[in-house]
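What follows is a set of structures to go through.
You will see subunit A twice below: alongside subunit B first, and alongside subunit C after that.
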Partner chain A sequence: MSFTLRSVKVAPNSASLEEARIRVFDFFRSACRSIPTIMDIYNLDDVVTPSQLRASIASQIRKNCHITNPKVIDMLLFKGIEELNNVVEHAKQRHHIIGQYVVGSGGLVQDVGTKDQANSNFLKNFYETNYF
Partner chain B sequence: MASALRSAVLRHIRVPVAETLTLNGSKWSLISNVRSMSSHGDDHITKEEIIHRVLDVVKSFPKVDPSKVAPDVHFQKDLGLDSLDNVEIVMALEEEFKLEIPDKEADKIDSCSLAIEYIHNHPMAS
Partner chain C sequence: MGLGLLASRALRSSRLLTSPSPRFSFLRPIVSTPELQNPEAAQAQPEAPPPADLPKRAPVAGARVHFTNPEDAIEVFVDGYPVKIPKGFTVLQACEVAGVDIPRFCYHSRLSIAGNCRMCLVEVEKSPKPVASCAMPALPGMKIKTDTPIAKKAREGVMEFLLMNHPLDCPICDQGGECDLQDQSMAFGSDRGRFTEMKRSVVDKNLGPLVKTVMTRCIQCTRCVRFATEVAGVQDLGMLGRGSGEEIGTYVEKLMTSELSGNVIDICPVGALTSKPFAFKARNWELKGTESIDVTDAVGSNIRIDSRGPEIMRILPRLNEDINEEWISDKTRFFYDGLKRQRLNDPMIRGSDGRFKAVSWRDALAVIAEVIHQVKPEEIVGVAGKLSDAESMMVLKDFLNRMGSNNVWCEGNGMHPNADLRSGYLLNSGISGLEKADAFLLVGTQPRVEAAMVNARIRKTVRATEAKVGYIGPPTDLNYDHQHLGTTTQTLKEIAENRHPFCSTLSNAKNPSIIVGAGIFERGDKDAIFAAIETIAKNCKAIRPDWNGLNVLLLNAAQAAALDLGLVPESQNCIESAKFLYLMGADDVSLEKLPSDAFVVYQGHHGDRGVYRANVILPASAFTEKEGTYENTEGCAQQTLPAVPTVGDARDDWKIIRALSEVAGARLPYDTVSGVRSRIRVVAPNLLRVDEREAATFSSSLVKPEIKQEMSSEPFGSAVENFYMTDSITRASKIMAQCSAMLLKK
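Presenting the complex of A and B:
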């Protein structure tokens, strides 16, 4: 825990949306540049290509593209940097990376049956994936 | 003390007189032609190859229609990509040519022609 906190520095708030935007791109670049290290330490060469991981990182960022409040973007950016640090520090295991970023939210098992269409959304999400 | 050490060392060191040191011989010219540890010179890629590889990278991007890709397309205006896709393509180019493009330069690269130009002028592109 402590080594994570040491490596994560909280930058001052972004003054404007434009500054927050630039920070997001910088973060995306640093994440992309650490992809070779990540593939090396988690031994991902046989399950995923660097471009797939790049697309996966981009889709995580794009999931929040509607947000226009710089403070919220800063907060999400902080969480992203924290996550990236955890990944690069090998604080995770291989199946975390594969489940979260390789298989993604689509899930390995797709249930296309008709039997539980009326079930609650909670249950459907529960069956689908651990990761949100 | 130092002179004693020096003579002791010199007594045990033999420098072999090798043929490779002959200046006029063929071996010297062999050495000067192949600079195997040098980062300059022979491995520079041609502009045609750069164009070909840049276009391949852009075409392999999932959101891009490969038939629209040409050496002078603009990523956002012609290919319908957004700014994040733009950064992603520049990152893919960095990986392909084994470069690290500084952030300020990377922001300016928004079309195939600029990317080709930048990589062509970069000494470390390979």
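Presenting the complex of A and C:
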């Protein structure tokens, strides 16, 4: 866990889905507030804009939007807070941030041309990986 | 070995015997079971009458007994349970049939009986002392007891003697976890030691680059000595000294020069002989085993690939009585480090400066597709490599056919192979069938380097039945008695015309076996040679409905399947006129005659010879990384299974060609392996009957056209120059390089 927040107690479980929801929004806000610091300490100005980072955080949260169990949301929230703390504390290095939040899972080569349109599924998969 | 079962049985019954008496705990003698101190008393105890219905026991490892002659069956009692066994079985074998696994160190079912470790002692009624069951023939009505206090005490005592001079090395021993001594001392040993003196130590021997020795650990079971003399046929290992000075070693400072030497690692029950390349690399319980097939020669030995994560750690044999029994050759066992070197991991295109540049699959395939449309169909040529699986060869042939070319073949098969009759390129009597033969004629083949496991079979036959072996070819070192008949086709002609003394040996033989090397496929006078051999076969009646003794010994894993699939080039000099050459892992085709403006695509897993001339490289997966069908030299189709993930951006062979076909606008109609397999079913259904030997149908030579060719007087060559380096994987292997440097030194 983070160094500054180590003393902070783990919040009690959310009583309801509504409470969990509010906590998630709180977390999102605090993450957005730390974006300028992150840009600064990791020297991200030339690779990404604050709004892109914000979108990336939002998409990380939206990835789990189907979860309705407040306990699970609490757990994910905890992980998110921990990650945010690690980032803010400079416990990561520049390439971690770039790899996870700037480039993302799409990979470096963003081949989104139209040339694959006519190809069969086999060929599309083939370009991706050997295992399909 | 079923030792777990043994151990649990031993533990269970000793718990029954040990009366818990805490008062005695500090006075307790060394022997763990107090009752055992007085064996006579234990023996004199009135025996409980055997329960009326003993539970039916299954023989150890599902063994089945084969009675050659029903009158020879005798009945013995093992722990009160009656079993029927053929005459001549030993007590140990009888116990195995009865489902009792006797602990043993020196006994090995494929070696002669030594009877020197004494671990297999059992009690036999009316015999004054325990008997070594492995060396004692079972007699009718014998009452064998494997679970009595006497037997247990005997085992405990033997264990204690064995451990006396055995170092306490287990934490740093590579055998740890799969050590017979470790297992059996857990099951049968004493629970404390009373040995306070110094242990002896023995100087380690240098047996070469493959076998590591820690001779202090040796328990003098002599399995390795017997293996070397009996199976491998080298007299390198032996026993020196007597008593506590007894040592295993080479008599003089010498390396072990057998192509089967790695097997002593498996048969050594302790960690005295371990694998040098594997030393301190991994513990066996961390490894994942994948049952696969060896592709370094045409035998298709069954292997288990042990891997940890993405890395292959070692290769072990798998039992297959019909192919490799339980041995594998050193090449099979140790070439795996070649899979980590020289790998191709990205598609590459050779730029104008002659250097390769990594590109994406999309670009590489686009370039190839463009070029292939600029050449005439008959200028397109494809060669499958010696490690290709049947699926990829099928797809390669289909693809080239769609492009309008039929110039596709598999290296090693020559330019005009006979693919019409399966009997013309298979080992027709089967590898295990060779044991029935009583005379061999080897023509232009050195089985010892071409197919070490087949050679071991021949040796086994020669040893068992004193079969005569005649050999035509360059002088070579076969490890059994043989007559060197000659080096040229002249000798062959003499035998065919019945003018040679060896003819009488052949015609007197009941099951003569003629083995022809696949090296002859590359000769210009191949048809004439085969015609002469067929005459010999006819003269000595080697081809009968019940016995087909005309055998071809192939060299490469891909050859048989390629011929089954009909990979036969249309024109014999297509290489000379090729403008587009597709090498699918082919490294040994001679490209000297290839026009300099030809475009060469190399698809394969190693940067080997084929890459030097390539314009585009497509990385493919090796046989350890894909599922592929291989047919061995006797016509048995077997499958490899992926043990580790592919390297870099490599793809499976058939997928690459399937993708290329689509980019080139001649899309092949299958998207999955099963799709490819159903295509194979149309061409060669036998390739889908995995693990079954599909023998060639009985052939008469009537259907063959008349051969007008004359045999040239050129002497037979040797097909394999260096046993340890025959293909791209073995050439990349450091261990194989060491072996060829140290062991092939003349």
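Heads up, the rule we're going with is that the second predicted complex is superposed on the first by the 101 of 132 C-alpha atoms of A that agree within 3 Å, B and C clash if a C-alpha of one lies under 4 Å from a C-alpha of the other, contacts with A are read in each partner's own complex, and residues count from 1 in each chain.
Keep this in mind: contacts are C-beta pairs under 8 Å (C-beta built on N, C-alpha and C of every residue); 3 or more make two chains touch, one makes a residue touch a chain.
Worth saying up front: this structure is predicted, and the values here are computed from it rather than measured.
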Touched partner set for A:127, first subunit B, second subunit C, both or neither: second
Superposed model, subunit A: greater residue contact from subunit B or subunit C: B
Partner chain in contact with A:49 - subunit B first, subunit C second, else both or neither: neither
Subunit B versus subunit C as contact partner of A:13, first or second or both or neither: neither
Which of subunit B and subunit C A:119 touches, first, second, both or neither: second
First, second, both or neither for A:26, with subunit B first and subunit C second: first
Set of subunit A residues, in rising order, touched by both subunit B and subunit C: none
Subunit B partner contacts - residues on subunit A that touch it in the complex: 21, 25-26, 28-29, 32-33, 50-51, 54-55, 58, 61-62, 65
Residues of subunit A defined as touching subunit C within the complex: 109, 111, 115, 119-123, 126-127, 130
Footprint of subunit A on subunit B - complex, ascending: 60, 62, 83-85, 87-88, 91-92, 94-95, 100, 103, 106-107
Of all residues in subunit C, those that touch subunit A in their complex: 360-362, 621, 646, 650-652, 655, 658-659, 662-663, 667, 671
